[in-house]
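One structure is given here, and the rest of the page talks about it.
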């Protein structure tokens, strides 16, 4: 039998506010234990929560970005359960009416465009951390993270493979960073996924029983966990067993999922509206203000790159894979200020996706930390466009830029890298090369094209690479063919 | 010094007839001499109180006094006061020293009032008789074999026994008004949202409201001025411009329309209570008021609705007492789960556990709609009834409690009977309306009867006026309990 | 409706309160009376009535996104049952 895998993701994006969602404590990562746990976060008797406008603002931005409904009135509810890292004995979350309903995320998997519908996105608070290193058989609790704002983004079960799930998660990851609501730092837990996985016979309209894989904090684990889990479920079904609804954990060490609890052991969370928090109202004016401050979204920017700048879909998609890259591209283009923006765009895209990406990759740097700033690259592009530099020389200049030797023009000057475009000078070099290589001249005239390339090479070498290759070609060809 | 009104105390302090240190010392002496019989206080700290009194005297000397500067006030042990043991009447918080001040405590401190001590209360404010306190029952100063009412029983008894000129309480279902009635003092529960709940240990968040207990309406007005105030740390705190609650105390009651709900004068009320309340209403007629019959049909379901909503909220509010960050932790346990279960089994008393279990049950899977949502819908009906009633009247009057003080131990075996003690007070909490109880008579055994006045939202000044004019005409509020005369 | 001993035990576990068998039975007995009282609510038809969660019909007031709290962990932990290395200690947490 052929099996279809059905996946839905619940993603927790930590919202990049300065203070917590219900208290005035800082949210910075890595502070000494409990130094960022205020009276409210520690849940002292008598303390009360007050909602942070910044967290709501970021939820609204997300709703706008995924074309969702922003509920004009949403409700905070208490999710009750006991855990040492949950100081109040309940988590403040949203249950019946979340701040964001619906929406969709569109992305490509290979050549195919894929749309994943969103169920909802709701605001909630994060829990603290249990540290499991041994304190004489006890665990230590650090409440610094308690109360950090989260946006839980719930998708419909619209994905059909681990690849699709990863592509969705990556798109969502890029999006939350793009609209500046989450730093996306997966190692620090700022962006983590739970995957609901089920399988069913291909063609079946009914969903299979799902198991939820908790807390996947890297795309690689997401992929591995889903693949393992789906295979495990298929194996079970093929052996005639049934799947029991359950929550499982992924163990990266052995690449397997293991049972955490079954549906029977599931919590009874006793959700009810939090009496300490009044309904959250979002009016049209607030929505309009937020809309006005939204950056151009990736899809819009990609289509602009394709239609106005005639970039290929591949180039454009690659440039909008994250906001930094797209902004960098726009900054270079603006600084170059070319007559022919389409030609410039193609050249800039090639440099960003090629030389620059490779260099960053080698140095394990992010674009934001690039030693070559947008204006510096623009200086280089300008000199390529006006034919001062050949592509070979340009790469040398790029190395100079990377090493901080100054601007493109300074490097060209210092290293004497200016391309020779003076036809007289080139003609002189060509004549010298022809005179010294009569055998190859004869070979060329006898029909061996290879000999021509060799002669071009000789001229370039004699010019120390600075001769304009197009001119060399033209002049050499003229002389050989007329001789 | 002891039987004086707050206004007079304030004037005497200003005139240097006596100092705050002397006044505070006099009350501390009375507590020392009489509280063993009453058990109104859980914590008294004379050094701290007297230090505050000295500071108040200096402030008075500098001419910077406010009305409450130098006046000792006792606080229900539900308010967090920095450095003070704050127990909420529970073993769970037996040794909890609050690291911060409640907003209300801050306001008293800023006003220069002296913290006279922390008063006894039903555990986590759950009770109507003060018998659920871990620190033992409070005894009624009129008859020490009787309960003072609850949950602010310590505060009511302290005022009734003249152990404090005024006190604070909190009222979730009648916890200020009912003990005020049973102890023969005046008590006011303000409109929900006027007094910040920040630092007031939560019982049922959507119903809890702090307020004053004192000897007279005039005194209540003065203390209320200090308690009311916007607080950004409480999301339900209302942003309103300050008002002086004594501003219309003396206005004549000519034309006052008093609503009398028949649902509050039915079965279950003792004959003595009915007689005193009827007489009080007659007195109001003499003062120029007219009475009108109003209907509050949903009020009859306010007790069942309350015993769903309050325990539901409480079950969640009290989850934080888990033995991890503060408070009691069981000594012996096997593992984490066992630590939780034993800590909470040993740290909470029977009534608190009972309500946590009721609340957990009504919120649990499959029961939410039938219980919690139904209770919230009835709550809406209760509020609507009041809105309609107030189209025909200015205030609503009723007995505060169906009976006068009952004997300690009489109702502990039957929770339902105990819950019905609050039958006349609960509806105002559900609706969020203000309510006052003032003394209006004594029963055959010489125990006080309370008259409840419920007003529309934010009508506290008018209600205090209604109470004050009556008190100027009668002397029930001036009757002294035997202990107060000691 | 009538509650069972199992209901009491299940709810006590949810609430993390240890109850002995005899306590459960006593609680069950009291619940009988209390839930008879509560069941009176079912006598009214509330179809179409919006549930009321708050005493006033107002919406949330929000705070600005600013850090206003300072580090007070020493003060807060001075009232904690068990602390080491600035961490609250609890019996081993097993996931």
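Order of writing sets the chain letters: A, B and C. Residues in each chain are counted from 1.
In this text, contacts are C-beta pairs under 8 Å (C-beta built on N, C-alpha and C of every residue); 3 or more make two chains touch, one makes a residue touch a chain.
Values in this document were obtained by computation on a predicted structure and should not be read as measured data.
Asks: Specify the chain with the shortest distance from its C-alpha centroid to the centroid of every protein C-alpha atom present.
Replies: The chain sitting closest to the overall C-alpha centre is C.
Asks: Measuring between Cα centroids, what's the chain most distant from chain B?
Replies: Most remote chain from chain B, centroid-wise, comes out as A.
Asks: Per the contact rule at the top, check every chain pair and give me the one with the most C-beta pairs in contact.
Replies: Comparing chain pairs, contacts are most numerous for B-C.
Asks: For chain A and chain B, let me know how many angstrom lie between their CA-based centres, rounded off.
Replies: Whole-Å distance between the two chain centres: 57.
Asks: Between chain A and chain C, what is the separation of their C-alpha centroids in Å?
Replies: The answer is 41 Å.
Asks: Rounded to a whole Å, what is the gap between the Cα centroids of chain B and chain C?
Replies: 23
Asks: At least two partner chains per residue is the criterion; list those residues in chain C.
Replies: Within chain C, the residues that touch at least two other chains are 14, 16, 53-54, 58, 60-61, 63, 72, 76, 82, 88, 90-93.
Asks: Among the residues of chain A, pick out those that touch two or more other chains and give their numbers.
Replies: If we look for residues of chain A contacting two or more partner chains, we find 39, 42, 44, 50-51, 82, 84, 141, 268, 270, 275, 277-278.
Asks: Give me the residues of chain B that touch two or more other chains.
Replies: Where chain B meets two or more other chains at a single residue, that happens at 96, 99, 206, 232, 235-236, 315, 319, 322, 324-326, 336, 340, 360, 364.
Asks: Residues of chain A touching chain B in their complex?
Replies: The touching residues are 39, 42-51, 78, 80, 82, 84, 87-90, 141, 268, 270-272, 275-278.
Asks: In their shared complex, at which residues does chain C touch chain A?
Replies: 14, 16, 53-54, 58-69, 71-73, 76-77, 82, 84-93, 95
Asks: Contact residues on chain C for chain B in the complex?
Replies: 3, 7-8, 10-19, 27, 30-31, 33-34, 36-44, 46, 49-56, 58, 60-61, 63, 72, 75-76, 78-82, 88, 90-94
Asks: What does chain B use to touch chain C in their complex?
Replies: 95-97, 99, 192-193, 206-207, 232, 235-236, 238-239, 298, 301, 303-305, 307-308, 315, 319, 322-329, 333, 335-342, 344-345, 348, 353-354, 356-358, 360-362, 364, 370-371, 373-381, 383, 414-416, 419, 429-432, 457
Asks: Looking at the complex, which residues from chain B come into contact with chain A?
Replies: Residues 79-80, 86, 88, 93, 96, 98-100, 102, 197-202, 204-206, 232-236, 312-313, 315-316, 318-320, 322, 324-326, 336, 340, 360, 363-365, 368, 372 of chain B touch chain A in their complex.
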